[in-house]
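Several structures are given next for inspection.
Look at the two complexes coming up: chain A is in both, with chain B in one and chain C in the other.
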Partner chain A sequence: MSVAADGSWLEDLRQLAWEWYHDAPEPSRSVHLWRYTDPAIFRIPEQIIDATPRPGLIAPEGPIPTGIEVLDLVEAAMSRPELVRDRLGAAVRPVAGKLEALNFARFQHGLVVHAPAGVVAATPLTLVSKLGGPRFNASRILVIADEDSDLTIVRSYGAGDRKGEIQANGVIEVFAGARAHVRLIVIQDLQPEARLHLAQRTVADRDARVETIVASLGGAVMKADIGTVLAGKGAESESWGVVVGDGAQHFDHHTVHTHTAGHTRSRFNYKTVLKGHARSVYTGSIRIEKDAANCEAYQENRNLMLEETAHADSIPELEILNNEVQCTHGATMGPIEPEYLFYLESRGIPHDDAVRLFVDGFVTPAFNRVPPAVEASLRGHLAGRMERL
Partner chain B sequence: MSSSLEIRNLRVAVAGKEIVQGITLTIRAGEKHALMGPNGSGKSTLSNALMGHPAYTILSGEILLNGEDIAKMPADERSRKGLFLAFQYPVAIPGVSVANFLRSAVKARVPKNVKDGDSEAMRGFRKTLKAAMDELSIDPAFATRYLNDGFSGGEKKRIEILQMAILKPSIAILDETDSGLDIDALRVVSDGINRVCGPETGVLLITHYQRLLNYVKPDFVHVLIHGRIVRSGGPELALELEAGGYESFGLAPDRAAGG
Partner chain C sequence: MAPDDAQAQVSRIGDDYAERYGFHDPSEYLKNAPVGISHALVESMTRVKGEPEWMRELRHKALDTFLAKPMPTWGNTGLLNAIDFDKIHYYVRPQDREGRTWEEVPDDIKKTFDRLGIPEAERKFLAGVSAQYESEVVYHSIKEELTKQGVIFMGMDQGLKEHEDIVRKYFGTVIPVADNKFSALNSAVWSGGSFIYVPKNTDVGIPLQAYFRINAENMGQFERTLIIADEGSRVHYIEGCTAPIYSSDSLHSAVVELIAMPGAHIRYTTIQNWSHNVLNLVTKRAIAHENAVVEWVDGNIGSKFTMKYPCVYLKGEGARGEILSIAFAGDGQHQDAGAKMYHLAPNTSSRITSKSISKDGGRATYRGMVRVQPNATGSKVSVECDALLLGTAARSDTYPTMEVSGEAVKVEHEARISKISEEQVFYLQSRGLSADEARLLIVNGFIEPFTKALPMEFAVELNRLIELEMEGGVG
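Showing the complex of A and B:
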């Protein structure tokens, strides 16, 4: 497609995406990605879809790290097309699904985060959305970490002042250049009625290292499609997930690690803690392409069921097209072993505190590899969540 | 009032089977009692029941800690009232550091309405922990390691003694603390027990073998067979056992061999 030199190329694409969204059928439950979550949950009357720009929807919290550029996405499409044009929608394609198309067509605020070559951010960049305001919220973040850069981003979805049902649609695209090191921490701590659909893709170039964490704590329904493409030789990805749910919360996390280059490694570890009638579905796909030899992929999903009424599913999906690989996966599901609680309680720790301490330990490995300030923030959110359990 | 643990006619069942069949025993502050018995005699059942393990059902009898019946209390309450059990097989809890675990245990003893900053135990926790680790020659790095995760048998037992040193129980039950220890580790752990258990603490040493008693000298020895105490006496009883085995106490030879 030929594109105009000014920013109208983006407007044109957004219009196309809207038409695609408008005409596309609703996702079918027979389609793999929607087998465990009713698409109707994310159905939105067109009259409440409001694409009026909301420049404060994603707010940087604290100072922007020295050397890092944070730009409005629509403005950057005009002023920095060389940065944006080839990447926007390349990792999370608008035609990947109806909700991805909706995001592209109607995002109200988008940011470009750019770490130029060699820039090492000394502090994390924190981007916060406190979802109040209108019922429909759509945001989009494009992260470009050029070669040899180093950046930590905390993407936080917090409860705003609005009660009632909120529909949030988030897309995050990350491009990690050669030898870049990117950490992306998503914290979802939304109000109890909120629904979030998150699509996140990272493309890791040669010898890049990408660490992602998603902490899914709040909201009524969260559906996340999180993936990494290991596109350059020597690239590494480490992904952690922590899900804590109770009541009638519904979590549907899908991850996909695609090894397109050889000598790449992915490690993946999701921890789920459920109580009440909460439900979690985890489907994890590892795909190793035919030409990608000498890859390592490791996937683990542990589910701690604090009450029998909660329900979890864990479904690994492996597509290995190359024989020279090491690939392992494992899943566990069950209550806390009584012997662990007895040990903690025998030291005077009351039952509920013993459960909290154990759960804290259960999820801790996901938290202790990020900068201390980020770890403190994650722990604060988790502690708040555990108080409500 | 000085501390005491009085066990009266205690009968305990596990999975519907009566294992402890009427034990009466009193331990007072400053006393060390050794309870010796072969495998399957009910030693661990007794220690778990005393601590309040939910899988062990008390059929009848009383457990009085400092005069108060604790038989129906949950384990955490028994602990806060001054009872301690050093486990034969301490479980590993990944993700929970030794320091964090002990801080939670100390905090559980601070009244709910007292803030951490106003509690001397909480404010001084780091210092207390450091001092106790020094005292027991435990590498300070263990404070940040995950509880018992990848610890050797000897390290686990030392950490049990460290917990006892921090929690300062009035009555300590040591369940086969000597098992799995080589001679050097046994000496270190025994030394720890002797340091921690002073005249304020009553001790029940549960053991299969006599060798621990070479390092931690008991005042009284009791022999447990088939869930009952069949003989009680002074330290000489342990030596008698060492010489004659459990067979001389009426146990069939095939059971006495133990294992």
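Showing the complex of A and C:
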């Protein structure tokens, strides 16, 4: 394809993606990715799909850190094709699935976050979407951290003024260059009727370090497909997840860690707390490719069941094609150990507070890795969620 | 059409198999050892065996199910889709079985017999040269002892003839015909296998081995085994043996059903060592009633490709299930094995321990399912999967599934994948062992929890077998 400097290349690709979306069958429930979540939940009447640009759908909160560029995605496609063209849709491919195609074709607001080589952001960049407005919301973020840069991004989905069902479709692509250090924190605290489909992929180059957290607290249904490709020798990835659900909330998190380069490490830890009729689905895979020698991979999924009516599914998968490897995974489901509660209650702590304390200790190790301001924000959201539990 | 008519019509589907397919002279038909599967074959088989009407019906319906069911889309689709069902002999009458000569048996199989020290008579049987293993003397005294206890232990075909009431009550109740494509196939063309009934409160002191009453029927391609342990009884059944079983048939598809009545204890031990041309697609499942215990001890060493996931339905309160398995996948082999536990009643417990070794181009897959139903309060599950990778081309996969409802349950799953640590090898070398000896020792240590669960002579043979498989190994 010839490179048109006017950005029509993006228009053309978006048109193709729309056609692909239109013709693609619904996701098949026979594959793990959709085994426990009915794709019909994310079916949208075409008349409400609307790509009218909505600048402000993703709003930076607070000052943009010095040295970091935040650009409109469509404008950047015109003005900075060299930055955008090879990366957009390369980590979360439009043909990865129907909903990924829909996002590419009809995102209403997209941002490019660019950390030029060597830039170390002194403060986190916070990007907030408060979902009000139309029923269909689609946003897209492309993060490019050039070599030796250091950047923390908080992507927050907050409750907006819209009542009733909301369909939100989010895509986040992250490219961490050589020796770059990127922290990406996604906080989902949407209104109770909202449904969110999130696709997130990070590509980590040589000696890059990527830390991601997803805190899934609100909404009616959340389906997230989160992955990291350890593509450069020495790359490292740490992924944390915190899910707190009650009522009839349905969470479905899928993770993919692909080690394509040797001497890479991934560590992964998802904690789930469930009450009422809430359901958490975790499916995930670690894959060590044939040529990726000397990798380490750890995968852990722990589910705390606070009530009998809660339900958890866990499928942590490993595919190991190289023998020079250290790899373990674990999954547990169970209640709070009665001894803990007994101990706390014998010290005069009321039962509900004891449960809250335990849950706090269960999930917060995930929060220690982020800058204090971000940690405070995460704790605030969690405390709010626990109040409602 | 009135609903009643419609229902009557539906219930009549498949009733006219005899009219449609029953025109062959069954013996004449089978004498020519037909290839391929058809209702005519099923009809001939069932008539030659002189089976009751219900079994005849069951076989025909099973064949329809087999033909209608799609091939699984997981496991190893390349090998599965390459099966040519039209080229397989589904039933050969014992008198038509063609004797193979000792010369036709591949050298590597002969070599393994040598190394394992298998007696001459047994070798010929295992290699398919003779149809009967001369163990009548041993078997006879055991048989007397069992008869005294009221234990029934015989071939499945004989079981159907002599104990039709029991067989009819339980056959296909644990693994329904339509459970999967290969259970349907087995139900249509099964032959051989064991039938065991242990009366109430009877402890069968010695392990029952198919080996004692071994004959070609027993090791068939489509064997069918049914074991019923009545209340408070106890039985250990051993299927197969560590020595390689040479078969020129490329498809082996067995169905094994176990029923442990309240308080009963069944242990079922298998060491699968088919020659490397065999696709081994097996369905094994047990039902454990109140306070019953079912243990599957399952070793997969041979075959080109195995799909086998022993399963326990913990149906009664306090039931316990245990699955202990090892898989060894050498170059060109794919062992897709695993375990399934369904907790359907309160206070049930289960433990799965899986060890796999992938060597050179081998691929070992653990595929598991643990489900805890909402009413299974107070249940406990523990799963442990360890995989060892030997050689750069080896591959190991872990696909566990856990579906858990309820608060008062405890589920734990762990898996570890590693290679043999150089430090360990170095340490053993410093004690005077060669590198190969050190690796063998480490591998034998790795599978020790499995070997410990075997009767001694099996454990010894298994260790020797692993030694053979490890020869020339890369670390």
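In the analysis below, the second predicted complex is superposed on the first by the 386 of 389 C-alpha atoms of A that agree within 3 Å, B and C clash if a C-alpha of one lies under 4 Å from a C-alpha of the other, contacts with A are read in each partner's own complex, and residues count from 1 in each chain.
As a working rule, a residue touches a chain if its C-beta (ideal position, glycine included) is under 8 Å from a C-beta of that chain, and two chains touch if they have at least 3 such contacts.
Worth saying up front: this structure is predicted, and the values here are computed from it rather than measured.
J.: Between chain B and chain C, positioned on chain A by superposition, is the outcome a clash or a fit?
T.: Verdict on chain A: chain B and chain C fit.
J.: Quick one: angle from chain B through chain A to chain C, Cα centres, nearest 10°?
T.: Between chain B and chain C, as viewed from chain A: 80 degrees.
J.: Go through the superposed model and pick first if A:303 touches only chain B, second if only chain C, both, or neither.
T.: second
J.: Output check: A:311 vs chain B and chain C. Expected answer is one of first, second, both, neither. What do you get?
T.: A:311 sits against chain C, while chain B stays out of touch.
J.: Which partner chains sit in contact with A:358 here, chain B, chain C, both or neither? Use first/second/both/neither.
T.: In the superposed model, A:358 contacts chain B only, not chain C.
J.: Could you tell me if A:62 is touching chain B, chain C, both of them or neither one (first, second, both, neither)?
T.: neither
J.: Between chain B and chain C, which makes contact with more of the residues in chain A?
T.: C
J.: Regarding the shared-chain residue A:325, is it in contact with chain B (first), chain C (second), both, or neither?
T.: A:325 sits against chain C, while chain B stays out of touch.
J.: Which holds for A:346: it touches chain B only (first), chain C only (second), both, or neither?
T.: A:346 sits against chain B, while chain C stays out of touch.
J.: Per the contact definition in the header, classify A:247: touching chain B only (first), chain C only (second), both, or neither.
T.: neither
J.: Based on the superposed arrangement, let me know which partner A:333 touches: chain B (first), chain C (second), both, or neither?
T.: second
J.: Across all Cα pairs of chain B and chain C, what is the smallest distance in the superposition, given in whole Å?
T.: Least C-alpha distance after superposition: 15 Å.
J.: Please write out, lowest number first, the residues of chain A touched by both chain B and chain C across the two complexes.
T.: Common interface on chain A, chain B vs chain C: nothing in common.
J.: Quick one: in the complex, what on chain B touches chain A?
T.: Against chain A, the touching part of chain B is residues 51-55, 74-76, 78-80, 85, 87, 90-91, 93-96, 100-102, 104-105, 108-109, 146-147, 163, 167.
J.: Could you pull out which chain A residues touch chain C in their complex?
T.: My answer: residues 30, 290, 293, 303, 305-335.
J.: Help me check something: in the complex, which residues belonging to chain C touch chain A?
T.: 73, 372, 374, 377, 387, 389-419
J.: For chain A, which residues are in contact with chain B within the complex?
T.: Residue list for chain A touching chain B: 337-340, 342-351, 353-354, 357-358, 360-365.
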